[in-house]
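In what follows, structures are represented as structure tokens.
One chain, chain A, links the two complexes that follow: it is found with chain B in the first and with chain C in the second.
Our next item is the complex of A and B:
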């Protein structure tokens, strides 16, 4: 009897091991060199300092070969006592999209096939601000602003209660202590559930290998921010994590010709963003969804 | 040593016989298997292209970020759930070949599960990183992410639906009555688990406040109701094929009972859909946009409109066919009804459910998604894979069930036994 049981157990086991090996074979044979190198790379938050150094060295070498530039890849942590907040004055925005292109240049987004943008400027007919169904995303007049229209720039709203982080099945995206929602591009499996979960369309996907021309590369990058990405991972605005953690403004704030864009530390009572929240009429997009976004739109006085 | 020899001999016997069983059959069987194989190969070639170039090979975009793959996935989860739920009526109505029905139903569910999981796999951008999802090995976001729940629920269900039929078949192979005390709890567990996988899959969409089209609490019940239509419909057809090509007896009466069940489920499905349509249209808020896109077109974008109305017509016709006893109890109209349900529900809860969730997108943009050749071919390939797996499983399982294929010692005739 024991004999037979043993036999049966072995038989079932053999069968399942054979099936498993057979099923996983195509997985291993299909990887490119980079993919094979990165295959066992740990989640960023689980790496030791030593492992981080190794990964950075590997990436710097890889980027040097690909773009012919020496990259500075930062892993700088969040500054203490900091919670970043953003202000955008709608009454000033003229819809010129300089922020959109400053962002692309700063953040090494794919330039063509497909072109990715982290900021989207919506053109709305005057008389409406909430219903975005009639918004125009691809307006292209000779000059802006146009009569009868207002402009609403939208990017990741850095929710304090982010639906995308909740949705991600594998912790590939999370909120940093300074409130910035980041993505470990090497951990993302490309399921796109976060894109479905985001009420602001704050996330975009590299549908193909990103196309980033050598002469347009920005070599000052953060591991969790604007380092060059790979195909089929998600990406998003990080408030220019590489800049703000080094004491600079996000690229879009610097680029805005009308001064509509404001940025600062929500925990600092003397910051500009606190001044705005306390003295202007501010609102946040889709407050009813309870995302507690840290992106405040406002009007003069 | 002797034990090892015995094992080797037995394994060899099993492989040889299995190989013999699956490689011998009628002309139709050959034609069927080789056509499926051809479709699988074509699908794989297209998938390879997509894998190398990225998901840009599909027609999905940042606006409509899930498409045909996830639509098929949703539908198949329902199929898998419903196949097992058939175990309940087969107990209640005391169908004679209860063991066979359990085995067939669960193997069908397992095949559907394999297809569903494959559809998720091909939709993933980074197949090389799929191990990040494994519990303990990767970093599963459990319990926060519904997708993590789904991974556990679906794989658990696949496990159950392999364990139960394999156990029953191995027992049969050795000519023994199964130990019901051991396996019955698993069979009973598979029933709520079936409800569970479909509920979790519904919640996956349901929980997204960003997508008003999905963010309706009626979703999970609607999913279950429609699954109770499409699953049994395909089972009715499969039962007819099986009783024709094998010795397993399945009475017409059993089929008609299942058809009656479909009539009730279809009524519930249509009622729930009606309830949702009433709420959306009567209150007429901005959330109605997706419904409008689906049923009448939005700002001259109306690609889904003919599809959904075809589905509605099919579902209503099938409902009437299954409701009226005379058409329900005639095999020709019964089968017509089954086909209508299978296709109608596929449209309704596949593309008709997934795509409008993305149209218009949260910033009001309308992107009209139509799957391209790659997506179609890969999808056909996966369907063919599931059908081939199921066919081959049946080819081995049925002879074991009927006692034609069993352990060596019974075949030699040195031992006589009666099948229970």
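Our next item is the complex of A and C:
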């Protein structure tokens, strides 16, 4: 039998645990059942298949109530032997922003109060080198392309060495085996360290509850991708994880009217992206900071 | 050597020659089959959508069959007046690409007639480097599925470039994102 008399240390520990439990009781009773459930939900990578099914069922029910649509929530894993890469031809991009809105429609981003976009099309003066400080993304001419400017769409570059993942204090964002950096929106605490760490401004934050009109919802979603988010979650481009893991081009690739956007598997020698890397003049944004991005800009010589 | 042995070797020789001949015939046959099949496959090489005809225009022969062919280069005033030629127009004329006898076909430089669904071959005769990139999926646009058995669509050159006036038109851009101070960004 152990010593009945508690040490001072044990006494203090027990006292503090009791106090914490007591303090959190009113906290739990004040929040709804939904919020309590979400609070106790495990990290996605630690869930068993059974737990994933339960979470999916719960989310489908919740989305049905909120948006009046039957959602298909996928938890498809990364395909073997894949590393997704993206190509964007700068000499062809006209800056029409079709990709921006196609992305918003596909990925269920908040439409207003606050509007969130995963793609930002930068306008740069032609002739200067790519100098992101001199860029402008609120340009609004009558027609594009404008004389004397080039357009540089920037979204998450899916770095192979992602600074955002390193910055996250709770591992709510991580890199999947196929190279896509994803966020567990439920695990995210909204500290926004990843936003500060990203050198491409690739991440956006839900400052308020997202405003997504019922008739603009896309019900084909992936748990780690385009499922509707909540307030205080950080989100970003996932190369349309719900599409590419099914072998389909991302929404921005399909939307581009000039065909500047290309996509493929970097490990497949016959893929389009490998053709670009082997034959075109490619560069990556901010190569010097060693993020090893998988987003290749290229242009005709 | 005995007579019997000689006969035996002779027969053996004959059998071997027969076999050789039959192998050659078979290989020629299979080569032919392969060539025909590959030609067929070549014709249906890319999953292209229907070409972008102006509504009610195709088939061209519905009008042209009853018309006399006038090969003289001239300005068209009554029909096709909406077509503006801005594609090396000084050197070019309708019948360089459209076949004079069969109006529903396009005509390659070597005289081969092709369907409008294969028009990339015609474009590729001058724009070889772009044709090479298009075949690889780099120039131009592909939609649908890039892997698996899902439906895929490779747009023809003519879906983006009007063949008579191939330069891209200016487009109206989508609206810019809201500024952080924008009213629409507040509740």
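Heads up, the rule we're going with is that the second predicted complex is superposed on the first by the 268 of 301 C-alpha atoms of A that agree within 3 Å, B and C clash if a C-alpha of one lies under 4 Å from a C-alpha of the other, contacts with A are read in each partner's own complex, and residues count from 1 in each chain.
Note that contacts are C-beta pairs under 8 Å (C-beta built on N, C-alpha and C of every residue); 3 or more make two chains touch, one makes a residue touch a chain.
Not measured: the values here are computed from a predicted model.
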*asked:* If you tally the residues of chain A touched by each partner, is the higher count for chain B or for chain C?
replied: B
_According to the stated criteria, A:141 is in contact with first (chain B), second (chain C), both, or neither; which is it?_
second
*Scan A:149 for contacts with chain B and chain C and give back first, second, both or neither.*
neither
*State whether A:208 touches chain B only (first), chain C only (second), both chains, or neither.*
both
*Scan A:115 for contacts with chain B and chain C and give back first, second, both or neither.*
second
_chain A residues contacted in one complex by chain B, in the other by chain C_ = 113-114, 120, 137, 208
_Under the definition above, what is the set of chain A residues touching chain B in their complex?_
3-4, 6-8, 10-12, 14, 27, 30-31, 35, 39, 43, 46, 113-114, 120, 122, 131-135, 137, 154, 163, 166-172, 187-193, 195-201, 203-209, 231-233, 289-290
*Which chain C residues qualify as touching chain A in the complex?*
136-148, 150, 155, 160, 168, 170-179, 182, 184-187
*asked:* Looking at the complex, which residues from chain B come into contact with chain A?
replied: 3, 6-7, 10-11, 14, 51, 53-56, 60-62, 65-66, 120, 123-130, 132-133, 138-141, 144-148, 151, 166, 170, 174, 204, 208-211, 286, 289, 357-358, 360-365
*Touching residues (chain side chain A, partner chain C) in the complex*: 87, 89, 94-98, 100-101, 112-115, 117, 120, 137-145, 208, 246-249, 253-254, 256-259, 262-265, 272, 275-276, 280
